[in-house]
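Quick one: the structure is below, and I'll ask about it shortly.
Labels run A, B, C, D and E following the written order; every chain starts at residue 1.
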Amino acid sequence: SAQLSNGTAKRQRVLAAPAVRKRAFELEVDLAQVPTSQPHGRVTMDDLETFVRERKDAPAPTTAE
Amino acid sequence: MTIQQIGSELTAYQILDVEGNLVGAMPNLSNERILELYRIMQLGRMFSNKIIALQRQGRATTFGSLAGQEATTVGLAAPLQPQDWLATSYREIASLIVKGVPLSTLIYSFRGFTAPYPRETHCLPIQIVIGTQMPHAVGLAMAAKIAGDPVVAVGVCGDGATSEGDFNEALNFAGVFQAPVVLVVQNNGWAISVPRSRQSAAASFASRGPGFGVHSVLVDGNDLFAVYDVMQQAVERARSDQGPTLIETLTYRLGAHTTADDPTRYRDEAEVEAWRLKDPILRLQRFLMKRNLLTEADNQKIIDEIEEEINRATDEALSLPAPAPDAFFDYTAADLLPRLQEQRQDLLRYATHQQNGRR
Amino acid sequence: MQMTMIEALNSALSLELERDKRVVLLGQDIGVNGGVFRVTEHLQKKFGERRVFDTPLAESSIIGSSVGMAVYGLRPIAEIQFAGFLFVCMNQLASQAARIRFRSGGAYTCPLVVRSPYGGGVRTPELHSDSVEGLFLQAPGFKVVIPSNPYDAKGLLASAVADPDPVLFLENIKLYRSFRQDTPEEHYTIPLGQAKAVQEGEDVSVFAYGAMVPVALDAAKKAQQESGTSIEVIDLRTIWPLDETAIVASVEKTGRAVVVHEAPRAGGVGAEVIAIINEHCLYSLLKPIERVTGYDTPFPVPGLEDYYVPTSAKVLDAIKRVMEP
Amino acid sequence: MQMTMIEALNSALSLELERDKRVVLLGQDIGVNGGVFRVTEHLQKKFGERRVFDTPLAESSIIGSSVGMAVYGLRPIAEIQFAGFLFVCMNQLASQAARIRFRSGGAYTCPLVVRSPYGGGVRTPELHSDSVEGLFLQAPGFKVVIPSNPYDAKGLLASAVADPDPVLFLENIKLYRSFRQDTPEEHYTIPLGQAKAVQEGEDVSVFAYGAMVPVALDAAKKAQQESGTSIEVIDLRTIWPLDETAIVASVEKTGRAVVVHEAPRAGGVGAEVIAIINEHCLYSLLKPIERVTGYDTPFPVPGLEDYYVPTSAKVLDAIKRVMEP
Amino acid sequence: MTIQQIGSELTAYQILDVEGNLVGAMPNLSNERILELYRIMQLGRMFSNKIIALQRQGRATTFGSLAGQEATTVGLAAPLQPQDWLATSYREIASLIVKGVPLSTLIYSFRGFTAPYPRETHCLPIQIVIGTQMPHAVGLAMAAKIAGDPVVAVGVCGDGATSEGDFNEALNFAGVFQAPVVLVVQNNGWAISVPRSRQSAAASFASRGPGFGVHSVLVDGNDLFAVYDVMQQAVERARSDQGPTLIETLTYRLGAHTTADDPTRYRDEAEVEAWRLKDPILRLQRFLMKRNLLTEADNQKIIDEIEEEINRATDEALSLPAPAPDAFFDYTAADLLPRLQEQRQDLLRYATHQQNGRR
């Protein structure tokens, strides 16, 4: 992901454990696109892996819930 | 009373000899007061024995008996006024009793719970960290002087405590500030297994005072009258702004250091027996009986009443509920920090499934 | 009125002595000498030797007697000449002053303030610059306050004196006279336990206290100039209790954090800030939290101290590291 | 030979006294009495009062005189009767023993071992159960060692004595006699600074030391039984320096961590472990690291201590929390 | 020499009066040795002045001059053997010089760098934390006794230090263990701004000794012969296993507490002037000149040589390179912890761009 720089708008960041962020980075996934199973929009590793699996299976892009 | 000059030969001040005969001038005590103090001495010993018994039953924590030290502990507190402060170690239960701390409060504390003393007793909680109460006593006295109050503070420690930096620093502060304080060293011959002779090469702990410019007295600690006398004079000196006094009382720890100690490992029974002959309670008893102020029947009555009093207090203390598991959070600060509020909830979450041993 | 930190503290102490007859000041060389840093200048002359007095050279008894005075009903403000000497009286602080309320079930309390200078970069002898605040996290009972400017110093000291429980008030020597700031002459308080965002930002949260606040601000300025990074600088002000709400809110916003302190690294305030972030907003964290601190060695000799005390350059590099992808 | 920790320590001390004439033991009640926990039992009789001796009741001078003895060329092993009293001699420990090599540029060194019992759950009076290891992280100069079993205790103590620099050796009272373990009678060492995986696992890393190791193992067993969770239990053994390699390797494997200690939470070993994980393997973390510790209050009265000291139930719940998605 | 009995009236032992006349028996010192000690006293003062000058130029750190205290500092170290140990405060530079610590080493340390003393000098590094060196001295002595070595340890502190717990604890250990130690209190009248009278209510610090069972001596600290004499006797007592001695030397701090202090804030110049009349260097100088052991020309020669020596040492110390920025990592432990190896690299990364002020 691009280096975050002088953002003036309040950032809406996706919540995720560091391991999940790293995995998303490696998979070139934007966490904001991943549907979450947890409250507050936190993306779990399962969420990420599910998303990646379904992305591979489904050729057409899906919209997040 | 003549103040003994501190030299290589020191004589301990005595009024009542081992047989109970007067060898000096009686302090100003009514017969009623003497009997009252005698009673508290008996109470102190019997109370100590009760806590020991409770500890053996698993109903009290580690406890250090004052057996043998009743004259000092009662005598040092008896001349105090209600407004005077007392900062003791863990050995001076009878002093706290004289000052009005209820027996049930003390027993409750020995169950292993926090037991606030009534603030008006002006007794600091017993001190476990050796010697640290001595600067507290000096500070209480300094505060009284600053405030202009006719209040005296008394700090009490053992022979072992005199080796601690805090003890000597406190003596020095007392001298420099001419604090209205009396610092009492209960020299009971031992600091757990370390004998007096290995605690300091000083001829006496009383001789420690002049090196700090503090008036010092050596007294027979098993002689209630002598202890009372020197204490009263020291308290009056302090109260009349004549400065601090260091008092060393020569006494003996007849029992073990605490219920966790086995003194047969390091001292001879012969030494203990020799000191039993100087038993402070027996001595005063002999005096009272010689003066017909006490008969065998009177004495038995006193003992029976004390036993009843102790049993009542014990029942009361044992029937008091254990504190709530989270009670100690109440005593951390005036207002509980947010983080501690969370921790308190954490404790309670587990407390219902837990039981802190048996009491 | 423009005041240095020393003047602000002197003003605070003078006001406290005036407002409350129970307040007394004690310490070494605080009377006629007015304190080795002049923080208590003129106070003995103004309020008298009964209330502002020198003690013999004995830290344990300065604190021990203060405990007695506090229990009696006075409100002592004790000075320990340099924070490195808090080691000498650690017991009276940690097992006595900190616990008298606890031990007595609330029967007795200890409204004691202990003031002490600390901090490096001022060429002091050994044990005169040591940062010891971290020890008090592991010895519960004292609040610990470390101001970074004259205005805060005065208001925080007033709150410390008002607090019914023990407060350790550490004064950074480098900041004592390093700048003047507009400071009211009258009494005011700043609440303990509240951090302050001295600069708001979006990209990185930099937590600092004492003399590390200007260091952090300097690094923040450079980061802004060099790469447009928007830095939020939070002056912790109270080290215990830490303002966890402020810490968490900032990291939830930025996702990147740096903690700066002079004290050695291990088990220090930095470690606790990291633990708090871990506990409350790990999921906001984009990069490892950086600690820019003294090394895990004793504070070095004056000739080498500048290599030890965190610098703006070290903080800037830490900012750059947390800004990496 | 089956030994309790006390017997193992006694054996270690006896061997050290035998192997090296420079070794001396000093402390309160360690001679005739053999120590209040009998750790030095029979040693004075065996090696004589010149080498195993009681001191007056003065912790600061026990350590201060030990510094002098160590500089002279002896190898003193000083006992402080209970770890809560380390507060009393904090200065001689932190500013003197810990720094004599530093201060003298290596001209003088201090091969001192300070032994002290600590730990709760044994119904002791105040200041007899306190955990104070955390303070030493912020006062560099001492290694800090806390064994969890007789075998480790003996080998670690031998290493501590061999170490040319100061070592604080904390002995958990609850573990002193709680079990026997096969322990060699001869001399052997276990290196300082090395943690030990007492149980390997895949799902959660639980870091503990002292009496918290059996607590962690008990929770691990329950976790395995209840939900098949595979727990790795790491006995830190040395608190300073922490075995960062072992800590990081474990978390890189599991991604989930729990730290357990009796000491209060703030700025403790748990905080430093979290900081180390943050620094070296943040991206392995799937969940916030849990701390199961004493509360941020003084150690409570005996009647309430069981609510304070971490239990298997608390650790198990922490394991469950880190196992959540 | 008669040991003065500690009473409320104490006389300080003196051999050389203020005018330089003998009023007691000379100690066993050759004329050469006396001149040598005189020279070191001059060196001590001039050296102090040099460090002060360097500090004003920003080339040395805070420094506490021993001006006025040369007789004590030289006299206490002069009787020592090479194997004897010395544990001083920061005030006893001349004692270290007597023991063989090079001037350049001391100057280098005052530049703000770590300057290891040659171990064979058996001098602990100067101690900043007041009083903590006294238990070290006792420990060194205890070790010597344990090892059976004919070694004596000397601990030196100021009047302020006597209020610290550590001082009193050390005295007590010395007495209990009969340690071969000499504990010297340089009573220079002040502890920064706190006068002697506010430090303790004791009549003298020498009177502190008997309270710990330690033989004590009070001596005129500005009289080199008296200091040497009592010190030599104390060292011999210790070496012949007769136990410790406490020595109080009465002297005066002629200068400021340190370069960071302004004594005009808290003391009268009149008091300083009165003590200048008792200047230890002048006193000995008068003696030497009366005995024709020193002429004005000789004295000037000594001063010139000292100045040269100091300048040489200064040049040497100033020309020595500053230590590497990471040098202090070498002194943390025998082996650098892995974590510290990383921190060391971190320091070096920034060091090239940094400069630790000017030296």
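In the analysis below, contacts are C-beta pairs under 8 Å (C-beta built on N, C-alpha and C of every residue); 3 or more make two chains touch, one makes a residue touch a chain.
Going by UniProt, the chains are B, E = Pyruvate dehydrogenase E1 component subunit alpha; C, D = Pyruvate dehydrogenase E1 component subunit beta.
The model shown is predicted, which means the values in this text are computed figures rather than measured ones.
Engineer: So if I look at the partners of chain B and the partners of chain C, which chains show up in both lists?
Structural biologist: D, E
Engineer: Go through A-D and D-E and name the pair with more C-beta contacts between its chains.
Structural biologist: It is D-E, judged by the count of C-beta pairs in contact.
Engineer: Starting from the mean Cα coordinates of chain A and chain E, work out the distance between those two points in Å.
Structural biologist: Taking the mean C-alpha position of each chain, the two centres sit 70 Å apart.
Engineer: What is the distance in Å between the mean C-alpha positions of chain B and chain D?
Structural biologist: Chain centres of chain B and chain D, defined by C-alpha means, are spaced 36 Å apart.
Engineer: So how far apart, in whole Å, are chain A and chain C when each is placed at the average of its C-alpha atoms?
Structural biologist: Inter-chain centre distance comes to 41 Å.
Engineer: Would you give the residues of chain A that are in contact with at least 2 other chains, written as numbers and ranges?
Structural biologist: 17-18, 21
Engineer: Two-or-more-chain contact residues of chain D, please, as numbers and ranges.
Structural biologist: Counting only residues that touch two or more other chains, chain D contributes 56, 58, 60-61, 84-85, 87-88, 91, 95, 102-103, 126-127, 140-141, 282, 285, 287, 296-298.
Engineer: Touching at least two other chains at once: which residues of chain B meet that condition?
Structural biologist: Only 114, 129, 163-166, 169, 172, 176, 198-200, 328, 332, 337, 339 qualify.
Engineer: Judged by the touch rule stated earlier, which pairs of chains are there in contact?
Structural biologist: A-C, A-D, B-C, B-D, B-E, C-D, C-E, D-E
Engineer: Name, in rising order, each residue of chain B that touches chain E in their complex.
Structural biologist: Spelled out, the residues of chain B in touch with chain E are 6, 163-166, 168-169, 172, 175-176, 178, 198-203, 207-214.
Engineer: Can you list the chain C residues touching chain A in their complex?
Structural biologist: Residue positions touching the partner: 202-203, 227-230, 253-255, 282-286, 323-325.
Engineer: Please give the residue numbers of chain A that touch chain D in the complex, ascending.
Structural biologist: Against chain D, the touching part of chain A is residues 17-22, 37-38, 44-46.
Engineer: In the complex of these two chains, what residues of chain D are touching chain B?
Structural biologist: 28-29, 31-34, 36, 54, 56-61, 84-85, 87-88, 123-128, 265, 295-298, 300-308, 311, 313-314
Engineer: Enumerate the contact residues on chain B facing chain D in the complex.
Structural biologist: Going by the criterion above, the answer is residues 61-62, 90, 111-114, 128-131, 160-161, 163-165, 191-194, 198-200, 260-261, 265-266, 322-323, 325-329, 332, 337, 339-340, 343-344, 346-347, 350-351, 353-357, 359.
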